[in-house]
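Both complexes below contain chain A, partnered by chain B and then by chain C.
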Partner chain A sequence: MPVWLLLPALAVLVPMFAYPLYQLGLLSLFDYGQPQVSGGEPARFVGAGNFSTLFADPAFWTVLGQTVVFAAGCVVVTLALGAALAVLMTRIGKLARTMLSYAALTAWAAPAMTGSVVWMFLFDSNLGLVNEVLGLDGYNWLYDRTVAFALVGAVVVWHSFPFVMITLYAGIQAVPPSVLEAAALDGAGAATAFRRITVPMLRPLIAIVVIQSIIWDFKVFTQIYVMTRGGGIAGQNMVLNVYAYQKAFASSQYGLGSAIGIVMTLILLVVTLLYLRALRRTGEVL
Partner chain B sequence: MAASDTTVAAKWRWGLLDVVVVVFALVPVLWIASLSFKTTGTLTDGNFVPREWTLDNYRTIFSTNQFVRALGNSIGIALIATAVAVVLGTMAAYAVARLDFPGKKALVGVSLLIAMFPQVSLVSPLFEIERSLGLFDTWPGLILPYITFSLPLAIYTLSAFFKQIPWDLEKAAKMDGATSGQAFRRVIAPLAAPGVFTTAILVFIFCWNDFLFAISLTSTERSRTVPVALSFFTGESQFEDPTGAICAAAVVITIPIILFVLFFQRRIVSGLTSGAVKG
Partner chain C sequence: MRKLLALPALLALALGAGACAPSTDAPAESSDSRTGTLRVWLFDEANRAAKEAVVNEAIAEFTAKNADVKVDVSYLATDTRAEKYKGALNDPASAPDVTEVGNTDLANFVASNGMADVTEDNKKWAEAADLPADLVQTVTVADKAYGVPWWIGVRALYYRTDVFTELGLTPPTSYAELVTAAKKIRAERKDMLGIAVGGLYTFGALPFVWDAGGDIATNSGGTYTAAIDSAASKAGIKAYTDLFSPEICPAQQCVDLTGGGTVEAFAAGRAGMGILGNFNRSAVEAGAVKGKYGVVPLPGAKPGSIAPAFAGGSSLGVFRSTTHRSLAVEFMQLLASKKYTLKLYDAMGFVPAMKSGRAEVIAKEPFLKPFVETMEAGTKFVPVDKAWTTIDAEKILPNMLQKVITGKATVDAAATEANTQITAAFGK
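Then we have the complex of A and B:
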């Protein structure tokens, strides 16, 4: 067994991932706040206390619901846009395709911080280009919960559609031309061939892209944190990720913050298991 | 697509749509660049092209310790984390791609677990651990979590590349009298280099763009990176009106990313489609 090849990676992963993970589990079972951090009081074991506090808090359920709806919205729009553009890429000339690829990759790779700042300024109530163009002087896009979520969602989509587009385009390119030619010989039109051959062949790839988008959009942090200044007016734009962060850091309830972390991890674990099933169906063995 | 249905008119229609998308993807970046070149007086005029060009915003940020230190931190931390992650990732990916060993499935499972893991959950434990070890608010305090969370990406991407290398060439070179070292240096390394390089770009982008760890595991200019420093540009500090300065700083951290995309577009695409996970 090639232990020595893996040891260096493990030497980082065990202390920096496995141990904090264990600590996370432990913290979630204790009442651990500011007095305990500074050593003034011993940490008190509360068992599932943090979880029952959490589940009894209506705010938690609101945030959970918001997170699911927000992530679902982002995933649907990202996929629709990404898939449509992947098809578009097969229809345009080489120059247009290259331009599209460059532009999309720039959006994909731009720091989330840049994306958030740019979009904040684009939609700023006073100096924003959008209000200028639409003639909505002084309209605040972050005032209304839904509008604010939609705006943050637009930034998330801007960052994530390129991945879907490029992956699906690569998938479309990988469909053997001979199969499509055979379909054409049998009298299938381009649209039929696409619906009956390309899409079914891409199904496993689509599953992967969907699940990756879910994992990614469920964990959106920077955009919400920066654009809505930590969760929106009175926390109206809170999602689980920001909620966990605020509980732990802003209000120093590390125990409760850890419990939220565990809940998020379990949710994502389920999604990941679905991902593994999708991977297995593509015949991919890593 | 059959060639028959792509008439000239259709080509034009698709081309037009293409332009719309390119604008959607690029306008935000161009807009912030434009803001960063505007004078304080014309900042709010809503003109897409600045009426009065100025480098004042750049002069302002580069004259403050707050930004210059942050830029140094960003560059140093991202480069070191990338180098280490790629070396460790290369070793592990070689094992995953070429060798069979017990626990290989478990290793792959753990990588996937880390890739999907909500980083925010680990922030409080890491904060505690780093404080007790004296790593809080230091370079290693950020480098280590970056390596941790980019390793799965590195291993995944690299092993996908390594599986495509015709390893028989190594044997052939040895038969022709090359030593193991020569076979590796002359034959395998050149074949593996593009994959390693691609992975390095993806890992660098991940480290460079991070905001969550950088804001929670730092507290001073000693180790704050640009994305975080930028969030501290407020009216109370030396920036009277921080808008121009924020835009200039945002442009500066986006420049390396744009250069990567311009020069290595093909590589990034091949890295992404090899199954890379965006962290």
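Then we have the complex of A and C:
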């Protein structure tokens, strides 16, 4: 295939993606804050200075660590829940299936902002429905770090499982019945057929939902920012994206914020490449 | 592998397109036209019409004197204010001539080269002598004045008169009495907080630090040195965080309250006391406690003393990029004059910055007495330095308070950490 056919895609990708990324990289090498933006002080080239500031800051490592754990937890739960419900959808009646997909689609359609605010109302210490029903008057769901992360994680999963569910359900439906029938004739039970036939055939789809989920959950912002009011009590629920926002925009350290952005991009790039490589090893063509 | 061929092409394109390194242009300087339109930015308020009436009166007086000048006022909504200012700092064409500025924001605007130095203009201004020194400090960076204080707001101790009478309490005159009263209220009224305090309420905590003789940072010759880990500061932090005990304001409920949250709790009748401002009066009047509260100055540790309050409020300044420098200064001084700050008080309840103006409003309104007493006892301010924006945005002080309140760190450890972060902020 001639390479020039890539040009239309490049025409979109370069201005929308490569150029901002290039600027991000450039900014990450400067000491660049509000006084520099407005010309009060000259922008100072600091080389890798922003990165060494970042890596020397113990807060960054704490935030990075808890972002990885939080994202991993969200990805696992989202995939498990999404897959389980997708299988369930193939087993239940039409009415139940319609109701389940409507419920899931509604959660999917709810903007992250709205969802977060509504959940916050439900879990409010003094006036929330949940505390009212459970009789936990005055219990603060954000007080303990793990409880707060679990609550925000639940909202993240609630927002993202429908994508996994619908995608996998469509994939399962597309598995040719003849293959499954052949397996059944060869003596495979439902579980074996699922493990040996359905899952391998769904592998490209699973790859997509896994990468998507990792990227989404690693970059989670709205839910943390809104629900824990910008990082929780004493910053205990800070994740990398909120941390970058706080550095770059709230305190106008655009250079340092860009450095965090670069680190995030690299981490996600590595994750994606590793995953693609693993897939290629198993002989799948994407 | 074909995909990889795109990469060099992509890189080449990106490098070609983007020779735009961050700008280091020198900013525009003021010029001084005597005609045309004077652009003014003021803050929008819930009852803007009242403010607008006062401002329009000032404009009428101003244009009567300067016939060829039009004054165009924009009222900035609170939510988008920061963005508007960023735009004004980045692009002189979208900047106003005269602006209202929250007093904690001024230093960052000055560092961003946004504000005009009006030291000489203020020296020539007849009313300048009437401004109190502590407020003049809030618009002074490195011995130069970048504006004039317009109005001031301070916080004092609101308390529930009905609860105090029923429990036989008197308004506290020392920190120890405040603690005793708060414990008694919570012991007798299970669903009430003794005093509403918040882990995110920096301006509620600072009076305790200042009263103990501590500060966020000390200033010598224009250079700030972080001082939140001094023994005095730590004593103040301990005094404030000790209020988050189960017998007064349980950490579970109070650790993530903001200043606004404490206003809400007090106004809804969920607290026996609260550290609220004179500007919170309407919120309290609109709540369940209307007619059932009184105000006294927030007591310090020493019996009969007043804990220094944070000098909140708003100032007026001239943008450096103005094309009407003299007119802008003239209009700023007119709005900030005693005449119009008194009218503003009548309209909005904002206490005039001027000493004689304050004296007049207190004679009119007994409610203000405890607040004016607090102002006269001497107010304090946050460091007038662009670093304050970082200290504020990174929540260094609230994080410190919350770590102590939740028991994640001792006062010593949290203060030391905050001190390191504040030092780093000043070093930028």
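Here is the rule we go by: the second predicted complex is superposed on the first by the 253 of 286 C-alpha atoms of A that agree within 3 Å, B and C clash if a C-alpha of one lies under 4 Å from a C-alpha of the other, contacts with A are read in each partner's own complex, and residues count from 1 in each chain.
Simple rule for what comes next: a contact is a pair of C-beta atoms (placed from the backbone, for glycine too) under 8 Å apart; a residue touches a chain by one contact, two chains touch by 3 or more.
Not measured: the values here are computed from a predicted model.
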> Of the two partner chains, chain B (first) and chain C (second), which one does A:L27 touch, if any: first, second, both, or neither?
Replying inline: both
> Touch check for A:M113: first (chain B), second (chain C), both, or neither?
Replying inline: first
>> Quick check on the superposed pair: does A:I233 touch chain B, chain C, both, or neither? Answer first, second, both or neither.
In response: second
>> Which chain, chain B or chain C, ends up touching more residues of chain A in the combined arrangement?
In response: B
> Which partner does A:L13 contact after superposing on A: first (chain B), second (chain C), both, neither?
Replying inline: both
> Counting only touches as set out at the top, which of chain B and chain C does A:F60 meet: first, second, both, neither?
Replying inline: neither
>> Taking the superposition on A as described, I'd like to know which of chain B and chain C A:N241 touches: first, second, both or neither.
In response: first
> When the two structures are overlaid on chain A, which partner does A:F70 contact: first (chain B), second (chain C), both, or neither?
Replying inline: neither
> Of all the chain A residues, which ones make contact with chain B and with chain C?
Replying inline: 1, 6, 13, 19, 21, 23, 27, 37, 126
>> Taking the touch rule as given, give the residues of chain B at its contact with chain A in the complex, in rising order.
In response: 1-2, 5-6, 10-11, 14-15, 17-19, 21-22, 24-26, 28-29, 31-32, 35, 43-44, 46, 48, 84, 87-89, 91-92, 94-96, 99, 101-103, 107-108, 110, 112-114, 116-126, 128-129, 144-145, 147-148, 151, 155-156, 159-160, 205, 208-209, 211-212, 216, 226-227, 230-231, 243, 246-247, 250, 253-254, 257-258, 260-262, 265, 268-269, 272-273, 275, 277-278
> Quick one: in the complex, what on chain A touches chain B?
Replying inline: 1-2, 5-6, 8-9, 12-13, 16-17, 19-21, 23-24, 27, 37, 85, 88, 90-93, 96-115, 117-119, 121-122, 126-129, 132-133, 158, 160, 162-163, 166-167, 170, 180, 184, 189-190, 193, 208, 212, 215-216, 218-219, 221-222, 225-226, 240-241, 244-245, 248-249, 254, 257-258, 260-262, 264-265, 268-269, 271-272, 275-276, 284, 286
>> Help me check something: in the complex, which residues belonging to chain A touch chain C?
In response: 1, 3, 6, 10, 13-15, 18-19, 21-23, 26-27, 30-43, 125-126, 138-140, 142-143, 229-231, 233-236, 246-247, 250-253
> Can you list the chain C residues touching chain A in their complex?
Replying inline: 2, 5-6, 9-11, 13-15, 17-18, 20-27, 86, 89-90, 108, 111-114, 199-200, 250-253, 255-256, 270, 386, 389-390, 393-395, 398-400, 402-403, 406, 408, 428
